[in-house]
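In the two complexes below, chain A is the common chain; its partner is chain B in one and chain C in the other.
For the complex of A and B:
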């Protein structure tokens, strides 16, 4: 569904990503793990059109995404839930969710109901200012806002950032639900254990290159992964 | 006492008009973070459009107001889309310099075309008025006030209720994320600037109906817009209304009791006072909380 081939990208003259090959299949949960500064966020930004790749191709459902700006990419069916949630802090939860459906011509009320069903906590806080939510609720709102755009693929950057482990597990469970509804998920995580446990397939990104790839379980028990990211030998 | 009452009513009515002058400036500054030095020139341009339409073609100034607003909307959209968008990521000094240049261009262009003479748009209704004892309320000023409050209210509703208004708010808070939602930020910026210019054009027409104007007044209107926007809270439409009325009252009272040359000094004095006591403006939310940094 998403095919990235020999991608290179960066900021200005500074290269960040080198020769990246990555695919996400239909209804697949794929994790992208790696340490700080490895280029995970840059990769998502290249897919969603926030930055333009300098080389390589990104193909989604058989159509090339190169040259598209973010507002066009979201219309192709890719939602990008950015790192740090990036909610519109001065607006309410309801307003944030509705903005997620900005490009849809209809009222998206069914999508809205579905998001509230998926995250009942948001339903209780619809008229609250998004900036006043707890970290977990903010992440629910950010994911919900992404789902409002009716995506086929949702990319989530640092789902676990600043959240308690039990909350992370809850949210990851929701990703299973999202997948079962027909979507694909590309999950960027620093919580390597949680991400690899959930994902069917995973990629390890190191200094801008794919260092390892395999099924979630394979990587979870890979010696190098365990040493570098899980702190166990 | 009657003097005070008259000054208060004058100030209130003038303040409504000031609100319409400043609300667009506040919108553009608060939401798309452009301090538009040319805002006052847009106001004056609107006045000249309605004045010329009236003088040359006998078009009623209220119809002229609509034409001025539409024309300024188009000019505003083009200026933002074609010029200011180019420097939107540059430090704020670049946009200041750019809009300052635009102001010089417009003001001197207007002087070239219309000379620096004071003009005023004559209407049959502006001179009449209501009288309560010695206190008089001129129709023209009442009309300006009513229209200003109406347009400010409509703008406030548009911003909070409409999908486009929400998109403008979202783009102002976090442009990159707004684009991820499918919002075309370039268009939204241009649209916001266009709305601001249209309101300035409408305000300019009313300025011409209730008083006199010449091109050099542009600077004073920009300064007033600055006071109104900061006084009310940046990007807050109802705040701009409050800020306009406060400025109108302060100017009227100081004009009544103090030397006329002090008017602007007093106006800015109030601004400084508000900034000391309440840095977010009269109705402003803590601004830093409402905006994500990129």
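For the complex of A and C:
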């Protein structure tokens, strides 16, 4: 459903991504791993229209996304949960979630109920200011806000950032639920072990290029991946 | 979305007897204001009209500066343009006041859109400086177009005798003009506060990139907020110009006005509905009191009180009062401790 072909992108005259080919299928969880500065976040930003690619194409459900600004990409059905959550810290959880459905014409109350069902902790804190939530709750709120836009593909940047391992497992489990409801997930992760275990397919990004790709299990047992990212031989 | 989201906005809803008493007092106060011209001295009416004027300016600033978080330091440009539109149309083209007022509002909106499209791309201090420069530049333009604006010598609206196109409304008339405009500004703020549009502005204030990523057309929302602010400010300037009869560029585009509208909104509480009004009423009466009792030190004291208010009540009077109600205390020193002042 998402097809990226020979994509190049960067900031100003500085190129970051070179010749990227990547696909995400229907109801597929795809992981994108790689070290700091490899270009993972840049790739997500290019897809969601925050930066414009300098070359190549991004096609979603058969339609080219090039030239679209973020609010148009959201309308096409791609939600981006940015690195560091980027919640509206001064607004309540309820307001954050409602803003996720900003572009929808209806009241999105069914979506709201579903998010609360998925993350009961949020339900207990609906009128709390988002900035006062714990890290895990903020990530739930950020994912929930992404889901409120009724996406077909949700892209999550650094889900595990600053979170306790057991909480990460819980959140990853939720991604499985989200997928079973018909969505695709593109997950950027530093926690390579967790990401590869969950994902059907994965890409390893190195200095702006795809170094490896394969099924999650293949990469998990790949010698190079184990040495580079898992610190085991 | 707008309806259900509105429930969690920060509008005080009368939920207790005390709340209803407040609403009752508000209604009584309003009735009094309507009837005031019969009861009060003309000079005091003029003072009250000035308070209403500043409250409207602060409310207008609050839309762009408080809700959207774009601290404009050039809103006086709309004030001046509104005033000069009315003065020029009435003095040079022989228009009556009401159509000129409508054109003044349109000029405010148009200029806000034209100026907003480029400079609303700037954020933070850069936006503040750009707006300040636009206002200063506009004053220079007005000074240097004497055939149209009268230049630095000012322009006089024909207000009496045969030349008057609209008879001068007097202190009572202007009192009502400013009161009505203030009520309009309050109604607009109330609507904005509860609307989808208002939420998009709050989101932009909190994190503009995230707001865009959620499908909010941030450019459109910011320009619309600026235009609304420009409209209300231009209408205020238009009425002010007619009231003054003779207007000068240095007065209509004065930095003092810019600073006052910002300070009033900030001290009262930005992003709230009544904050700017509370700030305007408080500061105008304070200023008046100081002027009458400490003629020589008045500006020094006024400035000192503003500085202290910002240090000890950084969130504004309205937010602090709300805090007092929910936690039974005001943390005056939080800001001092947090920023080691």
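As a working rule, the second predicted complex is superposed on the first by the 233 of 233 C-alpha atoms of A that agree within 3 Å, B and C clash if a C-alpha of one lies under 4 Å from a C-alpha of the other, contacts with A are read in each partner's own complex, and residues count from 1 in each chain.
Here is the rule we go by: contacts are C-beta pairs under 8 Å (C-beta built on N, C-alpha and C of every residue); 3 or more make two chains touch, one makes a residue touch a chain.
It should be emphasised that the depicted structure is a prediction, and the values quoted were computed from it without experimental measurement.
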Superpose on chain A as described above, then tell me if chain B and chain C fit or clash. clash
More chain A residues touched by chain B or by chain C? C
Classify the contacts of A:82 with the two partner chains as first (chain B alone), second (chain C alone), both, or neither. both
After lining up the shared chain so the two structures overlap, which partner does A:71 touch, if you call chain B first and chain C second: first, second, both or neither? both
Check whether A:95 is in contact with chain B, with chain C, with both or with neither, and answer first, second, both or neither. both
Just chain B (first), just chain C (second), both, or neither: which does A:107 touch? second
In the superposed arrangement, does A:138 touch chain B (first), chain C (second), both or neither? neither
For chain A, what residues appear in both contact lists, the one with chain B and the one with chain C? 48, 50, 69-71, 74-75, 80, 82, 86-91, 95, 98-100, 102-103, 145, 149
Chain A to chain B touching residues, read off their complex: 48, 50, 69-71, 74-75, 79-80, 82, 86-91, 95, 98-100, 102-103, 131, 145, 149
For the complex, which residues does chain B have touching chain A? 163, 166-167, 169-170, 173-174, 176-185, 285, 289-292
What part of chain C is in contact with chain A in the complex they form? 1, 3-5, 8, 196, 199-200, 202-203, 205-207, 209-218
What residues of chain A sit close enough to touch chain C in their complex? 48, 50, 69-71, 74-75, 80, 82, 86-92, 94-95, 98-104, 107-109, 126-127, 145, 149
